[in-house]
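First chain A sits with chain B, and in the next complex the same chain sits with chain C.
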Partner chain A sequence: MNLRDTAESIALPMLALAGGLLLFGAFIWADGHDPVQAWTLLFRGAFGDAFSLQNSLQRAAPLMLTALCVALPARAGLTIIGGEGALVLGGLACAALPLALPLPGGSMGTAMLLAAAAIAGAAWIALAGWLRQWRGVNETISSLLLGYIAIALFKHIVEGALRDPASLNKPSTPPLAEALRIGSIGGTDVHWGLVFGVAACLLAAFWLGVTTHGFATRVVGGNPRAAQLVGLPATRLIVVACALGGAAAGVAGGIEVAAVHTAANASLIVGLGYTGILVSFVARHHPLAIIPVAILFGGFLAAGSLLQRRMGLPDASVQVLMGFCFVVILASEAARGRLRELFVLRRPPVGTAPAAATA
Partner chain B sequence: MDPKHTALMTQRRQLLAAGALGGAALALPGSLRSAWAQAPITVGVIYVGPRDDFGYNQAHAEAAAQLKKVAGVKVVEEENVPETQAVQKTMQGMISQDGATLLFPTSFGYFDPHMLAIAAKNEKVRFSHCGGLWTQGKHPANTGSFFGYIDEAQYLNGVVAGHMSKSKKLGFVAAKPIPQVLRNINAFTLGARSVDPKITTNVIFTGDWAMPVKEAEATNAMADQGIDVFTMHVDGPKVVVETAARRGRMVCGYHASQAKLAPNAYLTGAEWNWLTAYTLIVDAARTGKPHPNFVRGGLKEGFVKSSPYGAMVGEAARKNAEDVRKKMMAGSFDIFVGEMKDNTGKVVIPKGKALKQTDLELESMNYLVEGVVGKA
Partner chain C sequence: MDSPLFDVLLAVLGGAIRVGTPFLFVSLGECLTEKAGRINLGLEGVLVFSAMAGFAGSYLSGQWWLGVLLAGASGALIALLHGLVCSLPRVNDIAAGIAIMLFGAGLAFYLGKPLIQPQAEQIPSLPIGAWLGADPAGSVAQALNINALFPIGVAIAVLMAWGLRNTGWGLKVRMVGDSADAARALGSSVNGLRVAATTAGGFIAGLGGASLSLYFPGSWNEALSSGQGLIAVALVIFARWHPVRCLWAALLFGGAGALGPALQSVGVTGYYYLFNAVPYALTLAILVWTCSPRQALQGAPSELGVTR
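Then we have the complex of A and B:
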């Protein structure tokens, strides 16, 4: 990727974002509110001070992991949208492990919890990949439906076999021991899940961009027939990509349990897996791009909170804003490669006919 | 009785008494009273769903709207806040960005661990949670919980439904088999069976608080079985009310009034009256009184109320319901009285025992009473 492409890759979404904000301003102006106040609040609520910044980062953390659940299979050519299922099962595995075997306290125990979460999530999404490779089941549909099954299983177990009798009006598993929980980073309000999210995105980018295995996966994603012709084990690569994506979503669920909820319960099912789909698509399934997109998403959610409290706007206004921004960002792809034309005066290059230059 | 419970209940009665007196501002000397009474306050109210859901969240939003009219009270609100770190950020934001010193996190799932985590970091801010079971010694003093004995209004719903039903089969669409929900199903059924012991209540659990599709399916399925009066315990009763009305059935509302949605089918309803609890807690904060940690009340204390009767409700039904209401207001009526059996025939309250509304045993109810068709 040369410098100009990189500059364009950054400038294009930024311009699109500005366009989305403008549209939102017009929308709320039409509704009788002050757009300048809204823009100011949006910035202050998302990145304006230390609290806002931490708020945005905290909300972004699980989205990075659930976005990977879409991005990694996508790079192998599959459209997986069942991250929610992997997330809830990951959370369940994390909460259930201490009941199955005694764990050492501290980071060793926490690592085992997250490993259990990763395995549960990986198995679930790998199942969708396997169904497609061996049985020809459409992976988009199967992963979505498997997500519903996962949620049903989760509720059945949390409200049945693993229910803590002390959790009367909110059925939950027994809480994790204090020593197993994930705390905050240093003196901040942000828990270590953010580090896991960023690290996972970096690792995924390294895997896809640098390693042979990652390259092979991308080849399979580009053209599975050609990949098989050159002797790549397409099926295995696809299932591994699915498993890695599922593992990321599973870890997201595990972190939610170990850092936020302290037990598995229905509060885990809030659509983080589905939001990850949007994040991944906006990031064009690129692990490195997922990091800023997830933070932007977190920023919108954080700012939406302030928008509601200060301007009395309904919660739906944030969804309108996100809708505007993401539609414009996705639509801006059409301008890729032609961005310079918008800014540079069109001059026919020396030695070519004007008609050819405009074609 | 466990001494801790006795102490709790004494405290609770004092609180209710204080509320009835209209706040402790009266107990303060004149000059100080006016200084305190004018102390402005910013109150944060957090809803788990939309403010206009015709149900649980709307009931709170209506009280918050009333609270806004009180001089010196500023209300900041946020809706659709999930029970995740998002609510922790919202609480902290209300405190550090808006200067709120009293928060009403109104969803059950906000209590543990979210509200407790933020309360530990903000010891000077008061937190009053709706529905939780605040326990002395276990939870910090700057936190507390309030709730209403809405099963009293559900009992009255049952009495009216019992009179109006022709098929003697009632329907209850419920979210989850948890104590608060079971208590409502049981109270509704007991109310109906006080009219006619042959009446049964079919219950369908949808599995979660907001499942509009399943709620409609459950209502239709029960209407097909000949059930002619419905009630519910889900976050937004709109779907059940509208579906029942469309099927030509009658309905008793819940949380807030849904009369507007189905004026020809709406008999009455069990509504929250959160303004009573809000006022009590806000007054305590403004006058510097100790934070009311455990606030409970029913019809008598004005924590719950019934929707006005629909035009189709007959004289006999009204009279019967009003007689029971009078006894409830006088404190001489107990809903859960022995000998009471569950719907498997097991005795759950022995003969001669009557449970008062304040009895903590009721807060861990895990059975469905005789006459309910369904499984807890």
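Then we have the complex of A and C:
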């Protein structure tokens, strides 16, 4: 019974992803391109050789963390989609901390940078969770609005107070000192951010699955009424889940700054937070499933430039692919437990109640 | 008459209509959708996609009104997809809205790639100021040159308020929004009515997209819509689900959105990004002010998830 549920939970998203790829193929075929070539390029560009695999893994690291920003609040019953805002503020905090106080070099200094990034992200998403508990403000709308406000703050500060006079064409903060940056793992191009991403997913899975606090959070998310009856502190649990998710997204921004861009600038705002939403939904908000799904979508992002160069497809192709995948993934929920009745719309239970009453 | 303060005020007033027109259409579309008991966060995607389609229609045909119609039709199409996906069992309308938001934007960026450079036939403006006898070259008349779609939006708002109250269709829409069980008991198709309302709402929101790409700012680019569709969803809550109040809310937000450019034009440039974020902050403040954790909002359709 339980095994069948698990098998379905894995098979259904995979079928849905295949459906999304199929629709994407049909779409570019209608636009006059060869779908088979596109599918081949997508997977070759993502996992075809050592170079592209490293590229995919590097892009997967922030996706794991921004997906956690959706998944953890989701397990507490909230739909948070403002991870992009937490990410840019995390990146900004990471770039600004060395300007505010002198940091020790090496891993101690880097840890302080990431802690600052985590605090900035956590505060931003916790605010959305708290507004919902305090005033009943819809957290989906408020988190996205907070995201836009965060991006405006980021641009205001990066192009104003913290602007490095040496950055002429592309306003940036002063670059991080060499000793504070995050380096690569061994002899590869993959930076240590990947390890942080995987570790965060494992920790989140442990928290949700093993600890009492994580269990209480899932009760609040799964059945608020039961949580109220047994006296769980719903508001505190929800705000903590939001803060943990926001901290993950903030660290994602910090890693992007400390490992990739070396300074906070507009390169940080490329929609990693939005792709994280899709990753979390495909993974059904399960932290362990986020790891492979993030690698898959990191691969698709990495392959996007190959689609552009070889086939002349617009750079938004991967975004179209992700849009198709998202719609199909949600629609596939309808098939859960009843794969055969896939296309039968919900029938209202009209007439059953009176029949039972007379019998 | 030439003081900077006067210029800013005038620019904000003119901007309230110029910037507020897309807000008006999207919030009317969302209002209709929510009256039937569903939320369409995907109107953000509808807005971007219909802006692209409207621009393409006007560019290819040379007729602005064909562009506007195409924008409405393509908006209806994307909203129809949202309606159908939401009709499947166990599909949450908020999650579906997020998916449609990303889908519509991706599709618009893909198809709109060749449209970034060219110029298209624009929606004409109505020189209200000149009709009222102001100097046609003066700033007063400039501020009163209004988008030809704006009066249509006002008409739709009044018509929708009247229709929801006085027609059989309006009653049915309000009924599925307030009690799906009552609608079933009377033999109406709940999903059918909701899909119809969502699609019609998408058409109206699509007109807002045309206003973005064919009037102000008046060109197609990928940064054209940044959250206007989403702000409009919040506007409907602020307007307590009443179409005519949506009109006032849209004008208020249009004015807030025009504040940044207006201040920039008189030389206040230091806080450009922060002034541009004023509509988002204002939306959030209004949500905090109007929402309440204890009771459902007055006027809210009771089948709606956003207020529960």
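Here is the rule we go by: the second predicted complex is superposed on the first by the 334 of 359 C-alpha atoms of A that agree within 3 Å, B and C clash if a C-alpha of one lies under 4 Å from a C-alpha of the other, contacts with A are read in each partner's own complex, and residues count from 1 in each chain.
In this text, a contact is a pair of C-beta atoms (placed from the backbone, for glycine too) under 8 Å apart; a residue touches a chain by one contact, two chains touch by 3 or more.
A quick note: this is a predicted structure, and the numbers were derived from the prediction, not measured.
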Contacts of A:330 with chain B and chain C, given as first, second, both or neither: second
First (chain B), second (chain C), both or neither touched by A:314: both
First, second, both or neither for A:281, with chain B first and chain C second: second
When both partners are placed on the shared chain, which of chain B and chain C touches more of chain A: C
Partner chain(s) touched by A:9 [first = chain B, second = chain C, both, neither]: neither
Touched partner set for A:155, first chain B, second chain C, both or neither: both
Touched partner set for A:184, first chain B, second chain C, both or neither: neither
Touching partner for A:134 - first (chain B), second (chain C), both, neither: second
Partner chain(s) touched by A:55 [first = chain B, second = chain C, both, neither]: first
Chain B and chain C contact sites that coincide on chain A, given as residue numbers: 155, 159, 314-315
In the complex, chain C residues that touch chain A: 41, 81, 85, 87-92, 94-96, 98-100, 102-107, 109-110, 113, 184-185, 190-191, 226-227, 230-231, 233-234, 237, 270-274, 276-277, 280-281, 283-284, 287-288, 291-294, 306-307
Of chain A, residues touching chain C in the complex: 79, 81, 131, 133-138, 140-142, 144-146, 148-149, 152-153, 155-156, 159-160, 274, 277-278, 281, 314-317, 319-324, 326-327, 329-331, 333-334, 336, 345-346, 348, 350
List of chain B residues in touch with chain A within their complex: 44, 50-51, 76-86, 89-90, 92-94, 96-98, 108-109, 112-113, 131, 133, 176, 178-180, 207-208, 363-364
List of chain A residues in touch with chain B within their complex: 51, 55, 58-59, 155, 159, 168-171, 189, 191, 256, 260-262, 265-267, 270, 301-302, 305-306, 308-310, 312, 314-315
